[in-house]
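Notes follow once the structure below has been shown.
Chain lettering (A, B and C) follows the sequence in which the chains are written, and residue indices restart at 1 in each chain.
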Amino acid sequence: MNEKNLANSQLGALVYDPAPESASIARIKSSYGLFIDGAFTEASAHEHFVTLNPATEEVLATVSRASDADVDRAVRSARHAYEKVWSKTTGAERAKYLFRIARLIQERSRELAVVETLDNGKPIRESRDIDIPLAAAHFFYYAGWADKLDHAGYGASPQPLGVAGQIIPWNFPLLMAAWKLAPALAAGNTCVLKPAETTPLTALVLAEILEQAELPSGVVNIITGDGSTGAALVEHPGVDKIAFTGSTEVGRLIQQRVASSAKHLTLELGGKGANIVFEDAPIDEMIEGIIDGIFFNQGHVCCAGSRLLVQESIADEVLRRLVRRVEQLRVGDPMDKNTDVGAINSAAQLARIQELTAFGEREGATRYSSACTLPDKGYWFAPTVFADVAQSHRIAREEIFGPVLSVLTFRTPDEAVAKANNTNYGLACGVWSEKGSRTLWVAERLRAGVIWANTYNRFDPASPFGGVRESGFGREGGRQGLEAYLNV
Amino acid sequence: MAPEEIGVIIARSNDAPTIESEAQLRALLSGLSGVDAVGVEARAAKLATRSIKKSTKMTAIDLAISMVDLTTLEGADTPGRVRSLCTKALRPDPRDLTVPSVAAVCVYPDLVAQARTALGDANVSVAAVATAFPSGRASMAVKLLDVREAVEAGADEIDMVIDRGAFLAGRLGQVYEEIVAVKQACGDAHLKVILETGELVTYDNVRRASWLAMLAGADFIKTSTGKVAVNATPPVALVMLEAVRDFAETSGRVVGVKVAGGIRSTKDAMKYLVIVNETAGSAWLTPQRFRFGASSLLNDLLMQRLKQQRGAYVRPDEFSGD
Amino acid sequence: MSDRLEVRKTYKLLVNGAFPRSESGRTYEVLSARGEFLANVAQGSRKDLRDAVVAARAAQSKWWSSSAYNRGQVIYRCAEMAESRRAELAEHVGLAEGVGAKQSAKSVARAIDRIIWYAGWTDKVAQVFGGANPVAGPFFNFSVPKPCGVVAVVASQDSSLEGFVDQVFAPLCTGNSVIAVSSERRPTPSILLGEMTATSDFPPGVLNIVTGVTSELAPILASHEDVDGIDLTGLDQSAATELHALAAGSIKRVFRSSAHDTSSSTRRLRTFIDTSTVWHTIGQ
């Protein structure tokens, strides 16, 4: 059988009719205020911005921009709640609030999934099956810790830090909120959370959930805004702890600013993950793992396996299968239940992806992009694989944060490790092999906070996540995730 | 890089390798890539989330009906039972002639003649389970006689079982030779080789047994007899579909896949069709290359078909119980 | 007083297992707490630190990949070496810190006991701060604390031995390599300790000690991009703030404290480890 016909025939195949999730489930309001001291309030300067559906460029809602004064109000509210209420609430009671929140997220999961997909552009299958269930699971997991902190391994009666300022990114909006809030609250801190500018909506729905859970006023404050709002939160003297997830550039600025204060800091920053494929890998699952590694969430994943390091002996075969598989990816309407790859989150992010991929071509890498048809409106980028990439190419070094994979080769395990570690980042890596001893040998030597063996992009509240070197410090998830919010 | 350039990166031979020794066969099979159980199960589960709606669903239901090997394999089977099954096979819904016939009627060898008579020259095949089905525990002579008699009685397709004991004991050459011999005994009849994946247990075994059967000349590889605890599962089907895809690529010979046992609902059938579609590709979405070995599945497909047309759920009694 | 003329020692740097003078050829005069001339100590330079970082980077993976048990043995060996030279250490602690013989002897004893505390930590760290994680899926998932890599230590200016020991052995015991800048005015106890590590089976480059002017040396380490972590204990608040900001350039792990820590807290130890979590599929 002709190879090409086979690949093409898979496209024509069983043509799935559109299976759209209903947008009306989202119940998005036309405008949102700031959630401060247990209530939605108008921003002091009456400034607003809009959040778009990146798949259609339609306006979803108007959102308030928190000014310095609003940040101050939120921090004061959090401080007051910390001193008067939360620090006097027993661990067992805190646990019950967190369990409640977990249950409420589960109850409203379909609504949250739809809101997330509309606001972020990620496929509904992912928000429904991954983001929202994991967010609930995080609250469920940390709920159980709230009254067991003595047993967390940091000594007896570990104390909270106080008020935590938390700044989260746009790639997993609700999940990142859960990663930040759940351990902070379990450890006894109060929070001021700032969602990303382009994806504020699920955090605002979460604010409604906190109201339904009857969490005491001020324990969690959610303030929307842009970079200046985040900066004001970082600078605020009433904040004891900053937790930030985002780019290494911004993380660096935050660490510099926090240096002059006694604020505690954890950073979860960028990455350029290597997915290492040995010739004895389980090939079909490995191809799926490479696909998941880079095209999950349009590649808007700090731990994405954006560098494929493939053993030279199987490089051609892997590339051939990979390209065939890329063609099969269903790119388009994120609300369609059969969509694999959704919209790029913003025009700015799309521009960055386009700029870096143009570099890739100019630097001489061989580009293969899916021939999929992209919608006319919205921000889209076809899944792309670059072959013949050299270590020195920009596309092998810089975080693209999009659906773009760079393929490099290696000859020996030693060389694989050397190439994987040849980056200032160190968030995540993948290793594919049927030989356990070699996998562990490689895992031991990789400079990465997370190593997936024969799998990729798996997350769990019990599993610590975070980087080494310029991918940041501190862990989220697991027992280790408590350390970031305890004065130990 | 254009796909056609990628396609020629590897020069492939266009013939299935000729097996000359057990050692060669063993080397070939152990050279196949392993299967990661977690990965293959996750992939199958992900494909199961595909949402098949509207006209796709109608197309898929009709496709599934046309792929059914309508099966009765009971000790209590009688000529009467087989005749009524054949009637059902030809016209699954006598009120609606747009409903396609099923692919085949599958019976024990001694009932092949009755089935042949009932089906006449219609475009529904007679399939017979042979080779001491379901255990395969008989001498080679008995197995071959079983096959020859079924073919002589008019079987178009033979569903043989491999000797799982021999496979698990590592006597791969014996399994291979049995298939070769049965294939020869089949003459023009198509040979489906039942791997009984529930007894092979591991996905690695499923992949190796699939290749072994294909190398030995199978026209179809089939999951199960339906007579053991674990029958067809989506991940097993996925592994077998990967095998036929890769075998076609390396040898140029196309082999079909039959899933059998425990597939009762339209929803299940849709899952398998999606796996076929996204693994081996649409070229396999035909009764010539994919089959469901089932009995009660057919009525559920008919009910769902009518529901799609009427827009309301229908009673099971709308359709005959055959 | 003996009529024999004392044989004096030249106090040198410890870089890559050797005891060089500063490549700059500079020395500075170190006085005792009472203001008497004690020694001309090597005044390390930018290039000495550069060499030390290169050596530390090269040594780190070997140090880390030796077994935790082995690292414990090496550190314990260092305590043995120190024990046999207690008198000498005590004399220098006394001179440096201006404390009496009794007090300096106690300080040395505590320092040696602290080394032993860390020797015992090497093969406990992974068990105490790592472990298996019960994830909701067919995966074996375990967390291992790994060293962050190369750690710079700006040693306590006051606590010439005890503080130095705590700062240096915390990152060493978890598998980091270290470049320490000794107390500017009280460097000699740390230099002696460095000599003892040379006979303790430490691979060359694992511990490097550079003496000199703190305000000149510390910023070089804080801004050095191939340094992964820094302990700023030996700096006052404003200098620490400034260097903390410099360290942010390469997202270093930063430990700040106003005084040396004698508690059983593991904060310093934890600052210079990064939890690495491995997932592996489970299937037959």
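One rule holds for everything that comes next: contacts are C-beta pairs under 8 Å (C-beta built on N, C-alpha and C of every residue); 3 or more make two chains touch, one makes a residue touch a chain.
Just so we're clear, the structure is a prediction, and the values are computed from it rather than from any experiment.
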### Query
Which chain's mean C-alpha position is the greatest distance from subunit A's?
B
### Summary
When B-C and A-B are ranked by contacting C-beta pairs, first comes A-B
### Query
Measuring from the mean C-alpha position of subunit A to the mean C-alpha position of subunit C, what distance in angstrom results?
37
### For subunit B paired with subunit C, centre-to-centre distance based on mean C-alpha positions, whole Å
68
### Query
Where the CA atoms of subunit A average out and where those of subunit B average out, how many Å apart are those spots?
43
#### Entry: Residues of subunit B touching at least two other chains
36, 38-39
### Message
Using the touch definition from the top, which residues of subunit C touch two or more other chains?
### Response
137, 139, 281
### Message
Residues touching two or more other chains, restricted to subunit A: which are they?
### Response
454-455
### Query
Given the complex with subunit C, which residues does subunit A contribute to the contact?
137, 153-155, 248, 251-256, 259-260, 267, 269, 424, 426, 436, 439-440, 443-455, 458, 460, 462-473, 475, 478-480, 483, 488
### Message
Please output the residues of subunit A touching subunit B within their complex, sorted ascending.
### Response
1, 3-7, 9-10, 12-19, 125, 129, 280-286, 288-289, 316-317, 319-320, 323-324, 327-328, 337-338, 366-368, 387, 434, 454-455
### Message
For a test of understanding, state which residues of subunit C touch subunit B in their complex under the given definition.
### Response
137-139, 281-284
### Query
What residues of subunit B sit close enough to touch subunit A in their complex?
1-4, 6-10, 33-36, 38-40, 42-43, 49-57, 59-60, 239, 242, 245, 248-249, 252, 254, 273-274, 277-278, 281-283, 285
### Query
Which part of subunit B faces subunit C closely enough to touch in the complex?
36-39, 41, 201-203
